[in-house]
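Attaching a single structure in structure tokens format; questions to follow.
In this document, chain identifiers A, B, C and D correspond to the written order of the chains, with residue numbering beginning at 1 in each.
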Amino acid sequence: MSSSSPRTPHAFTAGMWTFGRIIDRYATDGYGPPVPTLKTIDLAAASGELAGLDLNYPFDEGVTVEEVGKALAGHGLAAVNITPVIYDRGFRSGSFTSTDPAVRKRAVDLAHESVDVARRLNARYVKFWPGQDGYDYPFQVDYATLRRHAVEGIRDVARNFPDVTFAIEYKLKEPRNRLFWSTAAASLLAIEQMGVDNVGLVVDFGHSLFAKENPAEALTLAHSMGRLVDIELDDNYREWDDDLTAGALHLVETLEFLHVVREIGWEHPLKLDLFPYRENAGEAVRESVATLRALDDKAARLPLEELRAAQAVHDAMAVQRIVRAALLG
Amino acid sequence: MSSSSPRTPHAFTAGMWTFGRIIDRYATDGYGPPVPTLKTIDLAAASGELAGLDLNYPFDEGVTVEEVGKALAGHGLAAVNITPVIYDRGFRSGSFTSTDPAVRKRAVDLAHESVDVARRLNARYVKFWPGQDGYDYPFQVDYATLRRHAVEGIRDVARNFPDVTFAIEYKLKEPRNRLFWSTAAASLLAIEQMGVDNVGLVVDFGHSLFAKENPAEALTLAHSMGRLVDIELDDNYREWDDDLTAGALHLVETLEFLHVVREIGWEHPLKLDLFPYRENAGEAVRESVATLRALDDKAARLPLEELRAAQAVHDAMAVQRIVRAALLG
Amino acid sequence: MSSSSPRTPHAFTAGMWTFGRIIDRYATDGYGPPVPTLKTIDLAAASGELAGLDLNYPFDEGVTVEEVGKALAGHGLAAVNITPVIYDRGFRSGSFTSTDPAVRKRAVDLAHESVDVARRLNARYVKFWPGQDGYDYPFQVDYATLRRHAVEGIRDVARNFPDVTFAIEYKLKEPRNRLFWSTAAASLLAIEQMGVDNVGLVVDFGHSLFAKENPAEALTLAHSMGRLVDIELDDNYREWDDDLTAGALHLVETLEFLHVVREIGWEHPLKLDLFPYRENAGEAVRESVATLRALDDKAARLPLEELRAAQAVHDAMAVQRIVRAALLG
Amino acid sequence: MSSSSPRTPHAFTAGMWTFGRIIDRYATDGYGPPVPTLKTIDLAAASGELAGLDLNYPFDEGVTVEEVGKALAGHGLAAVNITPVIYDRGFRSGSFTSTDPAVRKRAVDLAHESVDVARRLNARYVKFWPGQDGYDYPFQVDYATLRRHAVEGIRDVARNFPDVTFAIEYKLKEPRNRLFWSTAAASLLAIEQMGVDNVGLVVDFGHSLFAKENPAEALTLAHSMGRLVDIELDDNYREWDDDLTAGALHLVETLEFLHVVREIGWEHPLKLDLFPYRENAGEAVRESVATLRALDDKAARLPLEELRAAQAVHDAMAVQRIVRAALLG
């Protein structure tokens, strides 16, 4: 019986925000003290499990790209991607979809800067998470105009840098009640309409659950269209972006996700997207990595012929048996 | 100040199932006695508000297309569309996505028959609601194969009848836990991949709410892509396809939906998709129509310049004032 | 280091509906052919894993209590409880909360008959699942009256049979859009208001998930109030009563539930509540039992001192490590 | 035909947080600049619609109770209640349910101080919103211990001040993934278990929707048990505490809520709980008040005999007609 061929185990990366100060609307004094940019890099390294970071840009005032590059290099960490902060106060009513041309220009300028930073730090791509691009109330926007701004804004940036890879991370809601880049399919459809080759998707397991998708199916779709740029892992209760440790709740669906990650031949590290409000960030990373390694090990030993035979007839009970044997031994 | 130009008021149509016997998994003896095909047409007509029907096919055994056509004509009702029943026991594990070629062939055959019936009854289109096309458990299907079957099955039918219009009605779940044709964007993306011109979308207000979409935005998207074939109305609690009377719960979003219906210049009747389990079907239709007429009247008098000015700056409070003035006087 | 003391492994029971014909509003011709009462008992026994059944009453026309008793005895199956069918067409607008005194009387009469049947079959309790007791639309009912009927109806039955145990199974919705007996806490509060000792709660894992509860917490609460009568297992996507096989999706929460089952010293079998629409019922039972046994074995070996120490300081990462070690080795 | 008797129109109050600086985990620099305590009072007064405020305590450093009292008096605003801030960093892992006795003591001390402030400002009650009392992961807490701390902590405070009214505001989740005080029924059950007379409930319309309750039913229940202390209004998409303006989405359910407010003879002002992230707070208040006034006016004119007659037979279509006539004319 065949099974997945042996492979190098996954490496892991994480968002630098995991190590920073987390705030929410109630603990407005933060769940901990402020953490300077360079300190988040030290903390990420100290977790002992990471190969690289997703870096929010701009950095703290006064911190240079060189300093960040040096801090990363000193710890042997890669810059996975640059994520321009197009979702703070300056963009509270939208970035690329703001109704204010000056704000849209600022989003574009920050994107351009991010490309420059990405090049200097040798990052693989620039990620857009347009969390303020959407609306809150019915009737608030003209949907065609919103769509045009959302699509054209990113398209124009992408056209300016045809050799740079861009990715969009979708989420159903938060902080806006309705986000434009909401689901995998909605985002892929809009990306297709852009007509550019260098924009793709980040599939975040938790965002996919929250969007009422099956993450493994969303991943398959993005890959099949040649638009999969990165993969993020975490967990939640299926109705909000709780950003719990990976595998905290949904082991079966995480296993299936990791199985598809193998099937598509994913070559890059897996990224963690965690918000350990009350936990030690390093512990949250280590716990997630340990869970994902254990699950991936089980994914590697799935009896693929048997699984494919069961899937070929949609035999739910047969796949359950296979999954149970893999997970619970 | 401009407002929508005067127009002929909407006509209304309904699904014939609204007048039939409703069953569920608990009241397996039905919420009422069986209702023969021709009787549902009489009951639909007796509601006094309908211009046509969405007709499930096959009809009761022994009932001919001619008899149905005569019953409709006798009441002055149009056949809006034919909906092949590809979701009963024979298709319990899928229609176009069944793993059994014989079942897939039956789905195709039934689709072909439906085209014939549609032509004979002068229906505007053939509707697919592939409610058994999906899966229930993680790992149960190979997503790429499921997608291929879903897309190619309908594409092949559509290619056989290039002069016939087909439409797909999407829903997030039920009866399968996960349906392939799940959201507006997922369906439009798959329809685009079909590469045919004669397949479009039915946007059902309730299915859209249930899919965590804003229905007005989904409608705008389908229209903008030239894929909007029909519009259905109903209401629910945003997390299941409750099929309550239109406007029962979500007046603001129904008003916005009707506003977009006007903006896109929709020329066809509006269809009701109701399941009045414990209510008189005629009453449920009349109540829905009365609510929709009242709302559409308010939609017609929205101060469009003012609304557009508010939308041009995403002014939530200004649009709230406009909506409140329109709805609550 | 201590761990749970060795115990006899759990026995399992199931609802007889799992082996009957399943119908829904789309496959109105059923997901299979009709299954007579006595045949469901044979099929249950043939699953090879069950010690008893939850029996819907009335049985098929013409089937006597003696015949059922004999069929059960012939297979060595116990009658766990009798569940009067107060949710079919005759009760479509409510059972104990119907506005029609004649319907309320029928509910009471059927409850009385069920007590008689329970006694004759030596069942442990009579279960009410008042799935039609609730409402669908805002303003439809006067809430105080609905509550009074719901509470008094069951209280009066319970007072008539002080030596009989009754239990209520709660669910958030379906078939009514809003059920009166909706959550564990809402039901326990209403049961307390009844002022009788012989009415308790059935905690169904899936209903609890669907009600946005944590099932382990709901179980703890019902037990702490001395109101826990039975426990049912299944799984779902947290937003509908999908009745999937136990452990299909939520292994961690099922493990925690089984841990609490041990902690409270539960002595009765665990019941399965499955609706295998498209699957073989026996297979669904066997798969559920195998998963629950595997999980219970892991629950039995949880390092309790370590776990309690972690819980004593709410240490999420420490409990994650314990759970991971238990589940994934 | 009778209808509600004429009454003085409702007065309105609001949370002072509505006028403060709103922050979330993305716009960590806030949706606007910091707003000092006394300035929020000025802004509340400037809205032109408020009779009083829900005051978070402690105030800004250096601001005295006298200064707050004077600011309120200067604007003719009442102190409705004091809400001790038991949900910021110092209580990030719980207030009354913290595992750290020193933190629990701080919660108690802050509650005592709040009683003192409430007395000095002549506030009607002290409100607990224990938003950090709960947990995030399965297995994280021992549920019985959590419950004991939650119930006993507030009970002890209440016993110390038998002449003071206390109220608990429940919410399903946020900032913890699972809050102890989650639903109306769960909270009422726990309050009953406290065995004190001076602790009741705040029913927040939005929290109730979010908890999958029907707010009008929750209000009826709290009132019927003599535990209703205050009422808050807002709106959301039924799955998160979005804190939109009142009536923004759910007009029918808000109308029903206001109808029940009338039926129970509520004598106090109605409070708004809004988070106008991107909107002017005064505008959000005015818009909410205008909508609630318009709806309450319609509630006042509901044909009560007709409504009661329809409710007496659970006639969904009849109540729909009544609601439609009331709302849409």
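We take it that a contact is a pair of C-beta atoms (placed from the backbone, for glycine too) under 8 Å apart; a residue touches a chain by one contact, two chains touch by 3 or more.
Fair warning: this is a prediction, and the values are worked out from it, not measured in the lab.
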Higher-contact pair (C-beta pairs counted), A-B versus A-D: A-B
Where subunit A and subunit C are represented by their mean Cα positions, the distance between them in whole Å: 39
Cα-centroid distance, subunit A relative to subunit D, in whole angstrom: 36
Touching two or more other chains - residue numbers and ranges from subunit A: 93, 136-138, 237, 239, 248-249, 252-253, 278, 316, 320
Chain contact topology (line, ring, star, complete or other): complete
In the complex with subunit B, residue positions of subunit D that touch it: 237-239, 245, 247-253, 278-280, 283-284, 287, 290-291, 294-295, 298, 316-317, 320-321, 324, 327-329
Complex contacts: residues of subunit D adjacent to subunit A: 21-32, 87-89, 92-93, 131-132, 136-138, 173-175, 177, 237, 239-240, 242, 244-245, 248-249, 275, 277-278
Of all residues in subunit D, those that touch subunit C in their complex: 93-94, 99, 135-145, 147, 172, 178, 182-183, 185-186, 188-189, 192, 211-212, 214, 216-217, 220-221, 224, 252-253, 255-256, 259-260, 307-308, 311-316, 319-320, 322-323
